[in-house]
Amino acid sequence: MYDVAILGGGICGCSLLYALSRYTLRCVLLEKENDVGVGATKANSAIVHAGYDPMPGTLMAKYNAAGNPRIRELCSELDVLYKQTGSLVLAFDEADRAQIQKLYQKGLANGIPGLEILERSEVLAKEPSLNPDVLCALYAPTAGVVNPWELAQAQAEVALQNGAEVRLSSAVLGIRRENDVFLLETSDDMLKARFVINATGVASDRVTALLEPPSYTIHPNRGQYFLLDTTQGGLVRHVVFQCPTKKGKGVLVAPTVHGNLIVGPDSDPAEAHDLATTTEGLSYVRQKALKSVPDIDFKTSIRNFAGLRARSNLTDFVVRESTENPGFYELGGIKSPGLSSAPAIAEDLVQRMGKAGLPLHEKPDFRAERRILRFTHLSAEAREEAIRRNPAYGTIVCRCETVTEGEILDALRRPLPPRSLDAVKRRCTAGMGRCQGGFCGPRVQAIIARELGLAQEEVPLDRADMYILAGKTKDGCCRKGDAPNE
Amino acid sequence: MNRAYYDVIVVGGGPAGLAAALSAREHGAARVLLLERNASLGGILNQCIHSGFGLHHFQEELTGPEYAERFIRQLSGSGVEVLCGAMVLEVRPDRSLCAIHPQRGYLQLRAGAVVLAMGCRERTRGAIGIPGTRPAGIFTAGAAQLYMNIEGYQVGRRAVILGSGDIGLIMARRLTLESASVEGVYELMPYSGGLVRNIVQCLHDFEIPLHLSHTLTDIRGDKRVEEVEVAQVDADFQPIEATRRAVPCDTVLLSVGLIPENELSRAVGLEIDPRTGGPVLYENRECSLPGIFAAGNVAHVHDIVDFVTSESQLAGRSAALFVPEKNPRRCLHLQNGEGIGYTVPQRIRPENIENNVEVFFRVKKVYKNATIGLSSGDTLLAQYRRERLAPGEMEKITLPRKIVEKIELNKAILSVKEGISP
Amino acid sequence: MTELICIGCPKGCLLHVDEENDHAVTGNGCKVGATYGKKELQNPTRTLTSTVCIRGAEIPRLPVKTDREIPKALLLDAMSLLDNIVVQAPIILGDVILQNLLDTGANFVASRSLGLHEEEKHD
């Protein structure tokens, strides 16, 4: 019997597990895929919004304002890549200026610190590669960029270290409530929990429907992106937005924590599994982005991707306890600024559950600690020392991102080991660079296989069954150690 | 920390690095160090198990590993010091380098001259922006070649190949021989990017269709590639709606171009030529910083390894003979005229030419009965005839020193025209 | 008269082979083209390259090639001969891996030397 079961291992689910792992509770997180943070959490703009955009008084406004400084703290505690870049919303005409003034007012109402409206010369002084036609801009110094999937992993890893459980490849197929206890039928087990939180993102209305009619419906909204090579990463230093439209915050141009440039997204209604990119979507993004930053060199694109926002039929986030089934909590419609809000949502929800009877006794031995060796960030002396300590830090596996074998082994030996090529990429950036794993993919696959005791063919690209290899060329007579069939 | 000095340090142990290191040693460099990131020398040749290498250099037809082994054998008695498993992290303008090695640790090295020979990498899906889903089963042709020829894995059963570069053509044959089916090779341009002999022996021999002026407009599939959509393109390379059709397959190989791997070169501040993607080179393969040389695919992508070898021998020799502060002052710029994609070298210092200088170039389209002209000011200095020129085939002309000396205002233009001009 | 592209070298000469006139070849840039043109119409042959399994080496595959050209029609049959071959390191370039394949007189030979891998030496 678990005290709390969290459904969904995205940024919300992982933040919840982490927040709960402080207390002497038995908690489990169920994730249908083979890794955490692989839905909207891995495919978004990776921005920690300042919080001027949401309508004052909404949950979005409350959680974004609280989440922004909380993410900064968490990233420093858990060694997650984060950079406070500040953001600019550009105005190109008087109508835009009026919008920016509205944003500024909303920001003041939401209690966002440091907001300023800058005129053209100040904007261009801050960000010289912007379109010189810019009229003015809203500057928000507290906006930042983060590695969102690392923030999810880090919280899950530390929660695991503190006794929480994570079950991967475990989809929830049925939910029943009997005598104040929830029975969860998963793909391979049946488990019980007193409290259940549905944090399943784009699937959340369907998951709630397993128990009761959902109070909202999800209408996923697809956004497409370009990720450009690190040669473009220095083009802008701030997150650069255009004025928001009815469809969302519009196309942004921003540096990433890995030194790349991210450009996107567009916004289109889509099916819940439709992560395809389209010619039209990408060309729209390209065209819009060039209005903000005319010199983006799209020839240096290293990847396109699409993400799905868990947009609901309501305008605000849904963070509620079921009235029919007390103890069942719903997180619904957590679209932007969901990433920025997640830790604040989690901490607030935990307190609410406490008031509803979940006993919140802090663990005396709780430790919020996680340190990652990132070889590229080390000084010459520290590199020398690292290689002396462990020669695996002296072998570069991913040459584009300068990732050593030691870092890949570290990732494989932390709690929640990666089970796929992309899961390794999401932990230590191997394969994330300009060759996109062309050189290092086979080697990373071999390392994963060796460490996890699998055959190399069994290591998928990303989700389970995304097989890369279709067997051996000579009917398999000759892996190392196999007996020759003479 | 190790701070050893070498007369010449060569970065990369593929065909370019092997030839450069040997040549540096032969031309008098006493201490030569060859750094290779992989566990063994030979670079990409090791996975190029097909034959066709060495016709120029050895006058016989060798496979990639055989070609490499000829140089590796010479190296063993040459006195060149070799360190495999060493990755160079930084080259500095003062020709010092830092590298790491699992046993030797963090290496700080100094060199009289450095030869960059890091080779190239493949363009990926992200670089060309093929729309669609992101399932498994999409490989660059070279990655598939590594999986098949070095590791012994089959990458798929039913493949479509985008791009008709040589590796793509070679892999079409390789997949077929390993009993996968290749549905077709789709090439955006109206001509093939690979050598005609490869079209014949890799595609025609196995009845694999080559669709020119075609592209992939969509990739479909959830976990593994299920099908692609292909379409013919018009003169502006835009897909023609009526020609869109689905091709079922489980594998997509991309052979859509190679990019010189110049991260170290950029970081040290070498001037990069956007046309070649490699450092701007002088006649002796020196780059824009004195004592740093480049050769092979890091400088510009070659079709034939034999030319990599000869260029690298030149770079190795120049590195061995490099004396700081002794560079000649006069420098001629070779510019692209009509029809020329790039030239290597881009700059020529006449004092460094003994008898003549070879200029390699690529053209922008296919020419029949072409005339290549070198002019300076209003003067046509030299003309060369070629029956056929194609962008996929690097060409060269040899300029005698006496022609180079006639170049005025330090500027000459190379151009190409269809037909025989008077 | 048949048109052929010579595969003798990267140049790819366009050959004209006259079947009426003892397969006389024109359009060739060198004598390789003359031989190729004649042979291609009468008995086309190719060098076949592939890999076999190797044990005890740093990598699991040894590249091999036919030491002379074999009839084009036999390529796939020759490939299947390699399916069950396993060799043991060390191997020296040129070592014969399979003799007189399909009675063609050609041998499969190693096209790379692969030494005994350090880790294997200690086993």
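Order of writing sets the labels: A, B and C. Residues in every chain begin at 1.
Just so we're on the same page, a contact is a pair of C-beta atoms (placed from the backbone, for glycine too) under 8 Å apart; a residue touches a chain by one contact, two chains touch by 3 or more.
Keep in mind the model is a prediction, meaning the values are calculated, not measured.
Taking B-C and A-C together, the pair of chains sharing more C-beta contacts is B-C.
With every chain reduced to the mean of its CA atoms, the largest distance from chain C is reached by A. Inter-chain spacing, taken between the CA centroids of chain A and chain B, is 38 Å. Mean C-alpha positions place chain B and chain C at a centre distance of 25 Å. For the pair chain A and chain C, the distance between C-alpha centroids works out to 51 Å. Residue positions of chain C touching 2 or more other chains, listed in rising order: 51, 53, 60-61. Contact of a single residue of chain B with at least two other chains is seen at positions 148, 150-152, 178.
Within chain A, contacts with two or more other chains are made by residues 473-474, 478. Listed in rising order, the residues of chain B touching chain A in the complex are 1, 37, 85, 87, 89, 98, 100-106, 108, 121-122, 124-127, 129, 131-137, 140, 142-143, 146-148, 150-157, 178, 180, 217-218, 220, 222-224, 250-251, 263, 266.
Contact residues of chain C toward chain A in the complex are 51-55, 60-61, 82-84, 86, 88. Of all residues in chain C, only 5-10, 12, 46-51, 53, 58-61, 63, 65, 72, 75-76, 79, 93, 111-113 touch chain B in the complex they form. Interface residues of chain A, counted against chain C in their complex, comprise 473-475, 477-480, 484-486. Listed in rising order, the residues of chain B touching chain C in the complex are 39-40, 46, 49-52, 55, 61, 63, 65-66, 69, 148-152, 177-178, 195-197, 199-201, 205, 303-304, 393.
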